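Below are structures written as structure tokens.
Both of the next two complexes hold chain A, though its partner changes from chain B to chain C.
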Partner chain A sequence: MSEKEKYPQDHTDDQTVSQLLTHLKRMRRSVPVNYQLKADLKKQLLERMKELEAQKAQAPTGGQPLWKSRKLLWISCAAMVVALSVGAFLWWSDGAVTINRHEVLALPAEASVEQVDIDGAATQIAYIAQQSELRTIPIDSDTKPVTVKLPPTNGKYVALAWSNKGNQIAVVEQAGQLSRLWIVEMPTAYSTGSSRLLKEEEGVAYGSPSWSQHDDSIAYTRSKGGNDEIWVSSTISYQEWKLAEGSQPEWSPDGRFLAFRKAGAVQVMEMRTGLIAMLGQGQWASWRSEQELTYTQPDGQLMEANVADEPFVTKELPLRNPYTAELIRGNWAANGKQILLVLRENQPQELVISLASR
Partner chain B sequence: MGMAIKRSAQPSDPASGDYYESRPFTELYDEYFDRVNRYLRCRVQSTWDADDLTTVVFLKALEKFDQYSRTSPFASWIFRIAHNTYVDFMRKNRELPVDQEEFLGSEPDDTWQPERQALTNEEIRLLRDRLDLLSQDQKDVLMLRYFADLKISQVAEVLGKSESSIKMISYRGLQKLQKMYERGDSE
Partner chain C sequence: MKWKWVLVFAVAWFGFGFAGQPAQAENNMNIEVKLPMGGISKYESWMRLEVTITSEENDVAGYVELSRRALPKNLRQANMRQPVKLEKGKSTTLFFDLPMQMLVHDWYIHVTQNGQVLKSEKLRIPFPKDGQTIGVVDEGGNTFHFLAVNTSQSKMNQPISVHNLTPDMLPDKSWLYDSLDVLAISSKQGALIDDAQLAAIKEWIKLGGVVILSAGPDQDALVQRFRDILPIQTGQKGSVPLAEALRDYAGGKPALPGDLGVYNRNLPLYVAKQSGNGLFLFVNYDVTAEPLASWQYNPLLWQNVMAQQGVTTVLENKRHYDPLSRSFLELSKKIPDVQTPPPVWMVVMWGSYVLLVAPLAYLVLKKVGRREWAWGIIPGAAILMAVGIFAIGKPLVVKTNASYSISEISILDEKLAKARTASTFLAVDKDGYDVIVEPSIVAVPLSQGRSDYEPEGLTDGSRLLSYRNLPYLTPRQALGFGVLQNIGAFDVDVRVEENRLVGKVKNNTVYSYEQTFIEVGLQRISLGALKKGEEKQIDSVLEWLFMPRNLEQDSPDSPEERRKQLQEGVIGYAQGGQVRLIGITTEPVPLMKMQEPHQAHYWNVVNQNVQLQPQADGKVILPYGLLNAVLSEASGDYETNTGYLWQLGKGSITFELETDATNLELKRLLVPLDHSSYRPFHIEYFHQKSGKWRTVERGTKLVLAQELHDALTANRTLLLRFTNSTATRLTLPTPFFQMEGVRKW
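And now, the complex of A and B:
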């Protein structure tokens, strides 16, 4: 306390007041302090502090004032409501597949479900039009539509598949007894595009091409005399070899697995060991990620499985489909978020292509 | 709980506008015990009662330490508890003013300060008698001001009055004491 504050200015020169204040000061100093009590009370307080800390540890909010408790209660309730809302939203938007763009394209009813594919980056859709044209439909605004004239044929083009890099498309031509597998280089700003024949065979039917991880080989279905086989052709060396009995091969993004259809069931083969596991009845497997894939059941239900689970567990993947068309095939883009849906519409009869996301 | 914080920095100056008392409870106890104990020994007749009240004050302070904002001086906060404890005690016990003989301590205590000897018992008794003649407000203000060694602003906080009011009460209390000194009366 400053002297100025302690002694009011008007009285500093007053001898009596000065004497009085001196007395007060001395009087204060003369009052004894109980130091024994000070030491004993400190011990008592330290013990009490330990008790309070223990109580606080047991009941963190027990020591809160009532208004704080109420406030916390309200905040908790509000947080719960928000969490439930977010949870419901996530369940609605993330847990299920929802169609965002219905009928991006409609194909004749006799068209093959293999005639359309989405590229890995989910920027465009490619499909076969007028028997001999390859066309693209942009999904994003940065991509422009492209039309590529395929080699003239007296038959028809029945299947296609984007390469992983998105610069090539494998196309299957069926001309009478002759089946051909073509690789189409898509045009760029620096090139006009081109086609080259990878494989040609008589008396067989090729189908459902699928590019390997590094686009250096293509797996496809080779049907002959009612038997379906899966073969692989190198896009570099032109070597070819049979991989398995079955159809609809689909490489996993990392090349570790190959999903395919055999005897009406979707199966997965581990490429390193050759071990095969069956997922369930269905068709058209498509990899959403390196370990997750989906396929379509005969009743049109989309199923999902995770090959990291031992044993494999499959479950329904809800598809929010407000339309009457029935799902036949779902084909994921490499980003694992968008899926191209091929649906069959009965009135009128046609194949409807839609875009959905999870 | 703030008492668990082991920081020993002195609080910043309240006049700076960003006062913050960061010391833990134990350090504040060490500093303020003497002042609170002295203040209560001045105000109540029995030293035993004064010590009991001192214990009550610090136990209350510990229980309520979470409510201490730390942005105002601890002195104001602890003396508000001390003063309220004293007022409650007086209401319950209707205690008579401190008896000077007991007030100055007949108990053997080796903590008596040398200054005590400079003030004769007679002088102190006289001062005490004169303080008892002041109004309750004047006694409260002068006791807190000169025995608890609080600043004007802190006394104002303890008693819930404005600083100008405390200054006025203090001035009038000192004026009254001055007249008593001049007249030499203590009736």
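And now, the complex of A and C:
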């Protein structure tokens, strides 16, 4: 088959050209029509615009009241929402302590309020269980619960306190006439933990241990023959010394002050000068920051004081406690945000441990 | 296709041409590397490489390079370089001084000229010796062989090796003797030791070395040359009965019959004299003389001599340094007034550029319909920002060239002090500079490598360190050590009375101190600032610390806390029963000085060992914590994190209380085992004479006085064992102790 036979072109080309010419003619004829359509549309549009302008000119007299009332309504609503928010915020942040987690733990009524403590970073709570075990309850999700067997002795473990670094716990043991102060090294991923007997003495009762700023000493109550004294034992040397008459010592985070209880009142001693100032009747002082501390009045009212102010000013710290249990002790974590509350419940009789924040 | 063949030919010509050149030069050049004292070295000491270059046929003007790499041809990757100029047929010797710790890796020496490697040689260095090394200088190969006691007899089972040296092998630099622990010389060799060698040996003794000099009758040669340390009258030869002369040292072994010829008949067989931190022991007879030389109990005799004459004490008290002084180098990096911009700032700046400047410019240009301007505006903004950051940021980081030098100066006496120093240099507008080193200091230029510090720089082999082609604002470092002359000394007169440290301190050094303190064991008693010439009284309670006060402090948060921690690392703690006076001064001590106008900062620790004076009754009290108590043996479940507190469950730990690190005739030893921390444990001490363990009553102190010597082991240590029979882990502190005695020398 030849190329010509394969692609016959001449005749077809003639036909296409003629078709194209016809089409072009048709298009030319239709253009004026489109121009006409465009002109009509433009006219209609201008008329409509004129109408709208006329309406706009009339609007101030006719549309104002409706629009204004709507605007006023919106502004009023917004103002109310803002006012409510501000009110709620002020009400919420007036410094009151609010319980976030009630009854994290319940201890038997005969348990001591010193048997439980919160660590400085507010990640876990430690308590003495069955008088021979140390257990922790995680507060955050990263921490795991731990159970530590305390040295097997014939005594009962009655008080504890977390170290500032959170790797050790001071534990007080009472074995008849013998009192012991232990340091429990908490287990880690690299170590199984261990216990060190820091102090052992006969004929006395130890209590309320409190770690100093760098964890290099522990202050504690030493009761003998009805007299309460505050003693300090070094954790890095064999030194020990008497600090004051009183009980329930609590170091301030920077070690400048020591709060303690004497004759039913909470007092604060400046370590450098030895000067002592009385804050008021109460117990269980706990430092919230380097200058602020709280304590509990005999009626269960939480009080706060600022030692930066001279003279010291104390005031009530509201506690939003919707439960019936009465507050005995409030113990701040070192971050100053969370407080461990020890409350006494009467029905049933037990110690309830709750977590609150400010 | 012809051009391909041309290319192949060109490559081959260049390749073979350059490869051939060094090969041709190698035949004409010789590299010889010598090590002092036949290559005896210790891991913690420095080493001098003596590199001798000989060129047979050509003049050479290039470099001798020390490199970690077997250099690829024409590639400069040397760590250290020294210029070399050598005429045809001549030789020259260059020195490279480096910490042995660095030299244990593979090293190569290259001679280069105009970037061409003329000759390469792999460095072959014998591996450093462990344990104690004794160098013996005598003509006989077997002299002093008895010093090599069995490993089991040596302390901590350290091997003791004896090496024979010829007098010509003895270096004339004191620091080169640090590869030895003891140098034993026979006086017969005296004539062969020159004055420079002798001066170096004497200086080494002051720095902490031990020299044993043996001289028989009429062997004057060397004895009189040491008379400035120990004056011994000449011409007093005689003989002494062996049985009587050796009674105190023979350890009950059957005495040798006969007499022994001595150099001075008026002196005992062994006379020790302390000089600075070291000891000179004169042996009043020729150790090669029979019958003593081949006596079967000679090793035991010498073990007792070494212990009783204080050689063991000096060796035990040697402070082991990190030869790279990493704590010094780390601290020197913290140049005051040089603020590294916080990474957050950098992230914010670059983030703002990437996220804001470029898209913003694009959007604006799009709006105004000039998107094509972006080709100029965006790179322009980048340049503007770079210039802006440079102009504003640079003065914020550092305003001028700066250096920070950290030095430790250990005073040995008024005339001599030992120094260690590290400096960091930072040039602002230069890519190279020189550093001049004090003549008495040996230094090496350093840079921070991937895993550790590495030598890097140009030296002239003695006083000049040069840094070249440095990247912008890149600090460089140098490390040095040596001696300082005539800086004076503290006049310290202190003693322990009961539980107090009392006495006085006078500053007779050339520096004033912002802070001074006395270190007793783990306790530091602050004396405050001490000006030049100022005197202070001391009356302070000694604490029974069992761990350093700063050990348990939190990890540093701020740069200032980090700096303090590094400073603590530089100060460190003394080893083996030394009381130290420590002063901190920021006065200029320019041991390595940058040769550019710059702001120089200094932080110097000056320390001096203090000998506690006796009380009125003549007894010296070495207070609690001054002497070491080390782990000897342990069984069961035990662990320590700090070395001061020990956790133990179902097992026992035995401590060795080291009383031998003293020069005291021991009278009383006291361990406060009555403290509560020890009460949960069953405690026993080993009674050497009876060979039995004796129980210490719970809650009582261990006090040994009359039977102390019967309780001590052959190494003059007391073994104390603590047992916990329960599975519960209990913690006990290291049982530090107090020692009382009368000073022997």
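By definition in this document, the second predicted complex is superposed on the first by the 269 of 358 C-alpha atoms of A that agree within 3 Å, B and C clash if a C-alpha of one lies under 4 Å from a C-alpha of the other, contacts with A are read in each partner's own complex, and residues count from 1 in each chain.
What we mean here is this: a contact is a pair of C-beta atoms (placed from the backbone, for glycine too) under 8 Å apart; a residue touches a chain by one contact, two chains touch by 3 or more.
Treat the numbers as computed from the prediction; the structure is a model and nothing was measured.
Engineer: Tell me the contact category for A:Lys242 with respect to chain B and chain C: first, second, both or neither.
Structural biologist: A:Lys242 contacts neither chain B nor chain C.
Engineer: Is A:Val17 in contact with chain B, with chain C, with both, or with neither (first, second, both, neither)?
Structural biologist: A:Val17: touches chain B, not chain C.
Engineer: Tell me which partner A:Lys50 touches in the superposition: chain B (first), chain C (second), both or neither.
Structural biologist: Touch partners of A:Lys50: none, neither chain B nor chain C.
Engineer: Thinking of the overlay built on chain A, is A:Arg28 touched by chain B (first), by chain C (second), by both, or by neither?
Structural biologist: first
Engineer: On the A-aligned overlay, A:Arg101 touches which partner chain: chain B = first, chain C = second, or both, or neither?
Structural biologist: After superposing on A, A:Arg101 lies clear of both chain B and chain C.
Engineer: For A:Lys71, is the partner it touches chain B (first), chain C (second), both, or none of the two (neither)?
Structural biologist: neither
Engineer: Which partner, once the models are overlaid, touches more of chain A's residues, chain C or chain B?
Structural biologist: B
Engineer: Applying the document's definition of touch, where does A:Thr192 land relative to chain B and chain C: first, second, both, or neither?
Structural biologist: second
Engineer: May I ask you to decide whether A:Lys38 touches chain B, chain C, both, or neither, giving the answer as first, second, both or neither?
Structural biologist: Touch partner of A:Lys38: chain B, not chain C.
Engineer: Across the two complexes, what residues of chain A are contacted by chain B and by chain C?
Structural biologist: On chain A, the chain B and chain C contacts do not overlap at all.
Engineer: Sort out for me which residues of chain C touch chain A in the complex.
Structural biologist: 543-549, 551-554, 637, 639, 641, 645, 647, 649, 672, 675-677, 679-680, 726, 728-732
Engineer: For a test of understanding, state which residues of chain B touch chain A in their complex under the given definition.
Structural biologist: Residues 1, 3-4, 25-26, 29-30, 33-34, 37-38, 41-42, 47, 51, 54-55, 58-59, 62-63, 66-67, 103-105, 107, 109, 111-113, 115-116, 118-119, 123-124, 127-128, 142, 146-147, 149-152, 167, 170-171, 174, 177-178, 181-182.
Engineer: Show which residues of chain A lie in contact with chain C when the two form their complex.
Structural biologist: Chain A reaches chain C through residues 149, 151-152, 165, 180, 183, 185, 191-200, 214-216, 235-239.
Engineer: Name, in rising order, each residue of chain A that touches chain B in their complex.
Structural biologist: 1, 5, 8, 11, 14, 16-17, 19-21, 23-35, 37-38, 41-42, 44-46, 48-49, 52-53, 56, 63, 65
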